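After this come two complexes, each holding subunit A, first together with subunit B and then together with subunit C.
Up next is the complex of A and B:
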């Protein structure tokens, strides 16, 4: 008796079906070769074999690329404002990786800060996270440098580890404990199962080869802020396409715009990016019109400013910004290449 | 005297969905300046009578104003909380939302979210000599504070106001300038960059005139607002006059969307103009101001 549970891979389909009674279940899915989280339609658990990580991070389930904030309507009395209908059904995300689960904890800080963001937090409070340990990290992953172990997480409700034909289940939260208390196919794990899980986690940790030096990063970044020459060279090949920020699990910048036809309209928010010059453009001034200033902003926001505001680095080393960059821009090179402390 | 970090003075009033605007009606429009980049002051009141009674704000705070269907933009509240009949904001016609605002007439309905941000630290200004330095529409946020000070005149010592604009016809709030000019408890200095036949007053850029007026830094606080270029050239003059970075207060403007520290774009270093400002001491922003503002 280890106090931990396990479930055989063959029972996952039944488990997901059971959970679908109560939740809208999301699982890794592939469409036109793009891995995303999609609604579980039943039957297909093939993702258990191919899944490494989704291209779009789980943040999209809480902070969608485009979202209606409210609608408005004009009549003789003036404008009337109405909130969109909310989806009361709870969502369950199956298979979230430790890097992406940590990213949600980081996003929580911004969306709870000062004024609470009702759109993000209502979805966040209505969601259960089932983590799945990552055993096959990419070359571009560097989560271990950010204090994350690819197959361990306490940022989820339940954490699953692949131990061959079965998953070891760790109950992280009370919500998680309740979730599997009544689930069918769940067995008690043995000490041998737990030993196997430990081996798997350690092996996975060792596979993360890419590293950044985070220990004195703050001290190195501060004096480098005005090193224009360094940032110009670092930014040289960037295309300002913004894909690094859209796919980043901790990037949260957004735009707000109105759409209106005749007397009816909506206020919409959509993802935005510090990579775009228009992002900071004012009619008569633009503080970041040069590309190197925008590249510098992305690096500093994650590694200097966010830690100053919230005490954590706003990066989980998921590697998406490196994998998906059309010109192989690599944030770890920009960080590791910083001039040494004087 | 020392004004430490004033950002923690921000207040966050949490009431429901912070993104939902109140509706308000424009009651009066004043043409401040004319031409391609005209400036207008809008007087408005909330439609909801209860809110009209309960609404409070402090000098220096701003709000997100919207023209439904066009979008939102941030402007400071340019009236003083000591004068509660209505609220005011001033708009330079230059972009999408400001053009839409200028197309509105009296009676039109706008959206309003706020007040947001911190405010001028009145308690620290009390008992001090105040030096106001403003350029163009940058007088708008300072105007809220100036009226606040004048309405409680005995709480403050000397008041100097140095205000300038590109040309005589670009001067805003001329009705206030006249009143302050006649007010014997206020030293009002108005200047223009380029004069015309109508102008008999001072000519010269604001930082240069500030240097000529040379207010003492003793027990004084300078409050500065204007176009970024004016702000950049004013701080060194104040330093020369003996003001330390903590005796210099400014209120900044950046592109904003949310107004509440989330959408990301208005940062100066780790500070968000909306969340940690818009009122800052020069000491707070000194290391970033040369390169990002």
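Up next is the complex of A and C:
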């Protein structure tokens, strides 16, 4: 008896069907050649074979690319505001990777601790996360440099590790424990299962080849802030598109627009990006007109300003910003290339 | 790692020598080329004024970027590496008076087509970082997985736009590095998606694009990577009047792309960068190439083939189709 549980891969379909009774279940899907989290339609567990990570991170389930904040109508008496209907049905995300789960904990600091964002929190408080250890990290992944092990997480409710024909299950939260208590197909794990899980976790950790030096990063970042020459060189090839920020699991900037037709409309919020030249142009001006200032901002917000505000680096090394960048702009090179501290 | 058979590597050396002498002689302020990327089978744009950096310059089947996109941004004289389609984009920028010919030294690379890693991934059922090597040799490509090499016809892995390329050798250059490239085409494969769309009813096509543009996240990578999109302020960012909302509703996304395509008609050289950059896998090149073909059919005009020619929309020829004017 190890106190841990396991489930055979063949039983995952049944488990997901069971959970679908209570939750809207999201699983990795590859429709249209883009890996995303999609609503479980039943039957297809082929993702267990191909899934490495999704293109859009799980943040999109809490902070979607676009959402309605409220609708409004104007008549003789004035404005009438109506909040959008909230989805009372709980969501369950199956297969979230440790990097993306940590990213949600980082987003919580902004959307829950710094101020309470009702749109984010209504979904966040209504969600169960089932983590799935990553055994085959991409060559763009560098999570281990940010204190994350690709197959371990305590930022989820249940954590699964692939041990061959079965998954070892670790119960991380009370919510997770309750979830698995009534699930069918769940067995007690043996010492051997746990040994195997430990082995694959270690092997996976070693596979993460990309690294950044985080040890003295603070000392290097501070004096480099005004090194215009360094940042101009680093920024030269950037196209100022929004891929790195939109697909980043911890980026949370948004824009707000009113769509009004005649006397009624909606207020919408959507992802915004500090890479865009027109960022914050609506209220005033963009203080970062030159490209190098915008590129620097993305790096410093994650590695300097977020640690100043919340004590953690707002990057989990998921590598999307490198993998998806159309010019292969690589944040690890920008960080590792920082001039040595003086 | 090199992705080229040894016999092609002298082109790389000639390029480095040329780029170095351009900087040393002060003929250019910057060189724009490609250096090895940080991930497997990638290259990345190298923009430098340092003559030591040019030793990193590479030429291989993964030099995907159309570097002319940087020309409108960089101040000074520039030595630029250009494939066939890139050289046409440069010509188009000259026609539009966005750059001055005398300020650019074009190092032309005859291009036998670039390898589409998504096609490679589909072909071998593995992701790009799980492959050992991809080596092109003429009309063949050898893909090595788990130590086992397998040969495929090159046409199975070239980008759709490369398979439909009309001018693999640069149309304008100061120095040409390498022999003029033979045309490696497969027009059927190149037009496959477009023909599928042409075969649809209007309603089916509408539904198709509605579905595709529902995925768009409005990151604007397609626009920002496009050398023909050189507007200082894009219409989507205008707020008075607000032509489209800057939020990713499919209707606004669709209008954005339709207008963008019309704006680049006569400038688009089918370099394929819009589709390659799209993280949401939207088949943008189908729109771009269809527009390209329409421009050819209606106006007998091929973008970026004559730097003396007036830009398409600023000139009228009697031979132009006018059956749309009634």
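Methods note: the second predicted complex is superposed on the first by the 334 of 342 C-alpha atoms of A that agree within 3 Å, B and C clash if a C-alpha of one lies under 4 Å from a C-alpha of the other, contacts with A are read in each partner's own complex, and residues count from 1 in each chain.
Just so we're on the same page, a residue touches a chain if its C-beta (ideal position, glycine included) is under 8 Å from a C-beta of that chain, and two chains touch if they have at least 3 such contacts.
What you see is a predicted model; the values in this text were computed from it and never measured.
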{"item": "Subunit A as common anchor, with subunit B and subunit C clashing or fitting", "value": "fit"}
{"item": "Partner chain in contact with A:324 - subunit B first, subunit C second, else both or neither", "value": "second"}
{"item": "First, second, both or neither for A:257, with subunit B first and subunit C second", "value": "both"}
{"item": "Which superposed partner A:239 touches (first subunit B, second subunit C, both, neither)", "value": "second"}
{"item": "Partner chain(s) touched by A:139 [first = subunit B, second = subunit C, both, neither]", "value": "second"}
{"item": "First, second, both or neither for A:279, with subunit B first and subunit C second", "value": "first"}
{"item": "First, second, both or neither for A:66, with subunit B first and subunit C second", "value": "second"}
{"item": "Partner chain in contact with A:55 - subunit B first, subunit C second, else both or neither", "value": "second"}
{"item": "Centroid geometry (CA): angle subunit B/subunit A/subunit C, rounded to a multiple of 10 degrees", "value": "90"}
{"item": "Nearest Cα pair across subunit B and subunit C, whole Å", "value": "7"}
{"item": "Residues of subunit A contacting subunit B in one complex and subunit C in the other", "value": "255, 257, 259, 282"}
{"item": "Subunit C-facing residues of subunit A, complex", "value": "32-34, 52, 55-56, 65-66, 136, 138-140, 236-237, 239-243, 246-247, 255, 257, 259, 268, 270-271, 273, 276, 278, 282, 322-324, 326-330, 332-333"}
{"item": "Subunit B - residues contacting subunit A, complex", "value": "10, 12, 14, 16-21, 23, 47, 66, 68-72, 94-95, 98, 109, 111, 227-228, 253-255, 257-258, 260-267, 269-270, 275, 287-288, 290-293"}
{"item": "Touching residues (chain side subunit A, partner subunit B) in the complex", "value": "69-70, 72, 74, 78-79, 81, 83, 110-111, 113-119, 225-226, 252-260, 265, 267, 272, 274, 279-285, 287-288, 293, 297, 300-301, 304-306, 308-309"}
{"item": "Complex contacts: residues of subunit C adjacent to subunit A", "value": "37-40, 42-47, 65, 69-70, 118, 127, 129-130, 212, 215, 217-221, 223-225, 237, 239, 245-249, 273, 276-277, 279-281"}
